[in-house]
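Below, chain A partners chain B and then partners chain C, in two separate complexes.
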Partner chain A sequence: MPGFCRPGMLTWSNLNTNDLHLLVHKAPLSTSLPAANRLAWLVLCLGLLSVLTLLSLTLGAKPISLAVVADSLFGPGQHPDAIIITEGRLPRTLLGLLAGAALGLSGAIIQALTRNPLADPGILGVNAGASFAVVLGAGVFGITSAAGYLAFAFVGALATTLLVYLVGAYGTARLEPMRFVLAGVAISAVMMGFASSITLLNPWAFDRVRFWSAGSLDVRDLDLVLQVAPALLLGIVIALLLARPLNVLGMGEDLAVSLGSRPRLIHATAVLAITLLCGASTAIAGPIGFVGLMIPHIARWMVGTDQRWIMACTLLLAPVLLLASDIIGRLLVPGELRVSIVTAFVGAPVLIWLARRAQPSGSRT
Partner chain B sequence: MSPSDYLYLGRPTGPIYLRVRAKGLWAGMLLALAALMLAGLALGAGALELSHAQVWQALLGEGPARLGAVVREWRLPRVVMALVVGGALGMSGAIFQSLIRNPLGSPDVIGFNTGAYTGALVTIILLQGSYFEIATGALVGGLAAALLVYLLAYRRGIQGFRLIIVGIAISAMLAAFNTWLMISASLESAMTAALWGAGSLNGITWDKALPSALFSLVAMMLTLLLGRRMALLEMGDDSASALGVPAERTRLQLMSLGVVLTAAATAAAGPISFIALAAPQIAQRLSRSHGTALLCAFWVGALLLLLADYCAQHLFAPRQLPVGIVTVSIGGLYLVWLLFRQSRLASS
Partner chain C sequence: MTPARLSLAQPVPDEATPHYTEPATVRLRGQHLRLGYGDRVICPQLDVRIPDGSFTVIVGPNGCGKSTLLRSLCRLITPQAGQVYLDGRQIRDYPARTVAQQLGLLPQSATAPDGISVLDLVSRGRYPHQSLLRQWSPQDEIAVQTAMQATGVADLAGRAVDELSGGQRQRVWVAMALAQETPLLLLDEPTTYLDIAHQIELLELFRHLNRHTGRTLIAVLHDLNHACRYATHLIAMREGRIVAEGAPGDVVTADMVEQVFGLPCLVMADPVSHTPMVIPRGKVHMA
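What follows is the complex of A and B.
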């Protein structure tokens, strides 16, 4: 598959980002994938997503028929099972759709920005910041409510990402994505260190946090979902608007500047989008790893190197993974497996299979 | 670069010919000196404060037998292991970052640490194992994960990008399994597991230390011998082959050495992961070299862990923190500071 011709993908092996423009000229942005092919992938993803949304509403410990689902969502909702739909499955399905899209898109942005396939949204310190704030909330302030955790986690994620951005952008004339990554890694590490020292000395906080840190979609509160929805939707819109600028930036900073784009602005906007997306979804669902890392890779394999197509595909495919994992987690064992655990087992084999099957950059170098 | 930047040992035609970058060498020597001085300090500090002269006497086996026991049997193994474990982690990080040419590289890339944690969790939570059983479980888990990643990534040779992706995938599955074990375990076993997972040198003795120290030292020697080939390999497989370096075989050798180094460190002290990531980065910035500085990475790692362990013991005394927690805090702050300083230098 020619999906690996993305300029950034070539440079992972070459740390010196100044060489980027050399590589770009060897690998033009255009892909050899026909548009019809990409459209077919999108339609397939959309179909999958619709089916999974319906399944997510109907399947569970108690299967509920579509008629009852429709009745409880749009009709009078007199059926005794209506409460399961409105209190349980609707929030969790909505959250699956929103958080999935958010995690996937933030992964796509961070990988485009840092040109590093190891980069996941957590690398900007979002997860570490949220975890640290929750540890503080539980261990120091004695917070117990879900809404309290949500507020702490969101503020923690915002503050940490801001800190990472300041450290990463401080005093540099050129944009250096690698500095962001290192700053994120370093600050995350410090946060994790502080958080662990609090939890290891405080068993009660440890107990709280170990459950919080296994992310789950099962929030059972539509209001909570609606609280974070504006942040998520705003983030999604910004992310989609970033697709074209990121394409241009992918051609190398010098070229991008001469084409009239403003790398610093793009960078700052991208960080804002990631913070909104990843911060809000982590705040409500807890850390759910791997989605943001894996889906953009798969999207690149499917639709090529154009960020617009990658984003569109990610937007549809990431919720597919999240909803599918959530449904599997509900059905597999009686007590439910949390979605953050199932995601890895659903996604990882696909990723390995693709990595072995596709012709990545190795054949070229 | 002018020839005077290098120190030469031996003759170009002779059996021994070593060329060492002077700057890297100086940085290495300074780091080594700092580490040894800190080691002396650590041997003297504790509930029983000792002067330098007393420490020296105790090390030589003179002076009161009681002091000798404190220094040689209690404090020395801990200090030595901090140096060896830290150095081993720093070196293995340097190997992996060079092999996959990615500064995010660390032994985590091939899933070793996550696998080791899985092994330890299974031993602690499901089997309620002892210290040696936990270490064995961690080794088995880590090696199995690394082997699995290597085999799944192997397709007519190992290629960096595929290795990374397969490593991510396997690590993600193992991490998910670990999370599940953690939330299904009792609070007590989960805390025990988390303590092990933080990485700690508390209560280490010669019995526990020696096997892993020996393995580490042998692996370090071999790594240093392969150092030049590693540098050539960074130029790409084709260039390296043209210069007479068998690419695939060298890569396998280096990767195995990296795994052995990590395994030895993990068996002795649990997974202290951050050093492998940060030490090569810090070393590279200290020695101002573009390539990977193996010896420098060793000393940075050793110094970092020793310093962290000193803080872990004495910062909140009498309470002892697991050293891994302090490591990430100190190492992370230092890395942030380096980034700041680098940007000041660049802008001035």
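What follows is the complex of A and C.
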């Protein structure tokens, strides 16, 4: 009877495997050439990041030499400028590194998850939820301390993302990223409406919130940064662990299941990571746009479609943009331009350039 | 390649038996399955056994539930009642990765991430064999290279998948499914959107894989003549039920085709393969 052979024998008898071993060992892996390119990009990003970290510590209203920076960070710190470093520039540089990585990675996750290269972590309602909670805290509960805003904003971001996730996932057998996007947009709009009505009725709250909602890295308090650092670091670790599952999910849910991944688990974990990353960074620095949208794009252009490389590249490159914007803001005008405004100025032209490119990067829907 | 995982102890079907209908071993089967989406029940009650080492082809008219059955066999839909068993254990009781090492799928519509290279796409088939700590091994490399050689896409390794022709792209997807190295492989309408030459080429490849690597293949096909020529085990479905089952030479008759498809036809021997060949009568030519 034709068609039957020994079941269970999985051999590639048509191919000479000896030749294959030769081929594998003689020729370099076909991936190795792009891998070298990717590595070069990564090294470049790392170099940029180191330079900008140093610049962020030295540049500002008062330029401070590297020797003094080193002295105030690691030495006795006797120099009169040491306080500028430890109270001002160290917290903001540290925050720039953490928040930058957080915003970039949450953008990379949401773009991979929705298979939409123009998705922004904001569509899950994180920013709107945090803003609404801060308005609520200032306008209704009379919160004035930075730590109070932090707590309100973080809880607001968390609660809103959870709500968006539940609305988006409710009652569907299959997960449809588009439903999350729609739920996020709708719930964000409602939150924004509430926040506006509170600030319109309460000018004092409006005044307080005005500064929070123009994002800034200038926190002047290392303790605040250290408070959000665990959430941010946890989010970063989860994001990096998600890279491989997101690769598989990128080929559609059917294949993801057949390759042994669990799409629902990936979705839930991804939303958790975005909430931690975006919620914590928005809570402390206020809403900062464009980083999460733009950097994963540039990362894809540099290193291709593998999420592991995209994440690694984003992790290094996003803080570069945030620190650079922050430094530009410090130097450009005497009173300092807020970082969210500078990222918008830098981000808008890049976005236009991306939109005009013939072959947009990222995944198709 | 890793025989420990595969059931080597299975008996070899007797080649001398003229019509071999059911082997002693069945790794994948469904029992008392009720399949559907919400209130819409597509298969009310269905038992199915996939003979090991067979090239099983499921045929039937549109909407008869053949894709639904295939999807239930690979965990893409949960049966409303009944169970799918793999090696005698309910498939949902296994860890997802364990099933993925035994059971692969070539879905009807798969999306390639934009700009991904052929090599990278095929490499993703290795996912169930990798872990966070063991990301890429020589075994993975050999599996990927072998899968690309077997499907004839090795020369395209560096090309972007979206630049390829439809036939090439489909072979790349097959290579990805082969790189997964599963003893059982499900194919959901693998020849759709391909021209006749590419269809035959792909079916020949499947037959080759089935005969020479011992993989059990389960495919949904639209073309009854392709099914007759390539299947070793045919499952004909109508309205959510299995109407006929067995070797094509045994089960394909004019009556069966009329019963399943409502198509008056003539069944003759294919002059090339000597398998049944279905020739529709049509209205115009009926005297």
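What we mean here is this: the second predicted complex is superposed on the first by the 314 of 365 C-alpha atoms of A that agree within 3 Å, B and C clash if a C-alpha of one lies under 4 Å from a C-alpha of the other, contacts with A are read in each partner's own complex, and residues count from 1 in each chain.
Methods note: contacts are C-beta pairs under 8 Å (C-beta built on N, C-alpha and C of every residue); 3 or more make two chains touch, one makes a residue touch a chain.
Quick caveat, the model's predicted, so the values are computed rather than measured.
Within the superposed three-chain model, A:292 lies out of touch with both chain B and chain C [touch as defined at top].
Judged by the touch definition given at the top, the superposed model places A:122 against neither chain B nor chain C. By the touch criterion defined above, A:96 lies against neither chain B nor chain C after alignment on the C-alpha atoms of chain A.
By the touch criterion defined above, A:137 reaches neither chain B nor chain C. Look at A:347: by the touch rule set out above, it reaches chain B but stays clear of chain C. Counting the residues of chain A touched by each of chain B and chain C gives the higher count for B.
Where the contact sets of chain A with chain B and with chain C meet, they give residues 9, 12-15, 173, 360-362.
Contact residues of chain C toward chain A in the complex are 1, 3, 6-10, 12-13, 15, 17-20, 23, 25, 37-38, 52-55, 74-77, 96-101, 103-105, 107, 109-117, 119-121, 123-125, 127-128, 130, 132, 135, 138, 141-142, 145-146, 149-150, 157-158, 180-181, 183, 186, 207-208, 210-216, 231-232, 247. Residues 9, 12-15, 116-119, 167-168, 170-173, 178-179, 181-183, 185-190, 192-194, 196-197, 199-201, 203, 206-207, 210-211, 213-214, 289-290, 293-294, 297, 337-338, 340-345, 347-349, 351-352, 355-356, 360-362, 365 of chain A are the ones touching chain B in the complex. Residue ranges of chain A in contact with chain C, taken from their complex: 1-15, 17, 20-21, 23-24, 29-31, 34, 115, 173, 241, 244, 247-248, 250-252, 254-255, 257-262, 304-306, 359-364.
The touching residues of chain B, when paired with chain A in their complex, are 101-104, 109, 152-153, 155, 157, 159-162, 164-166, 168-170, 172-173, 175-177, 179-180, 182-183, 187, 190-191, 194-195, 198, 236-238, 274, 277-278, 281, 319, 321-322, 324-329, 331-333, 335-336, 339-340, 343-344, 346-347.
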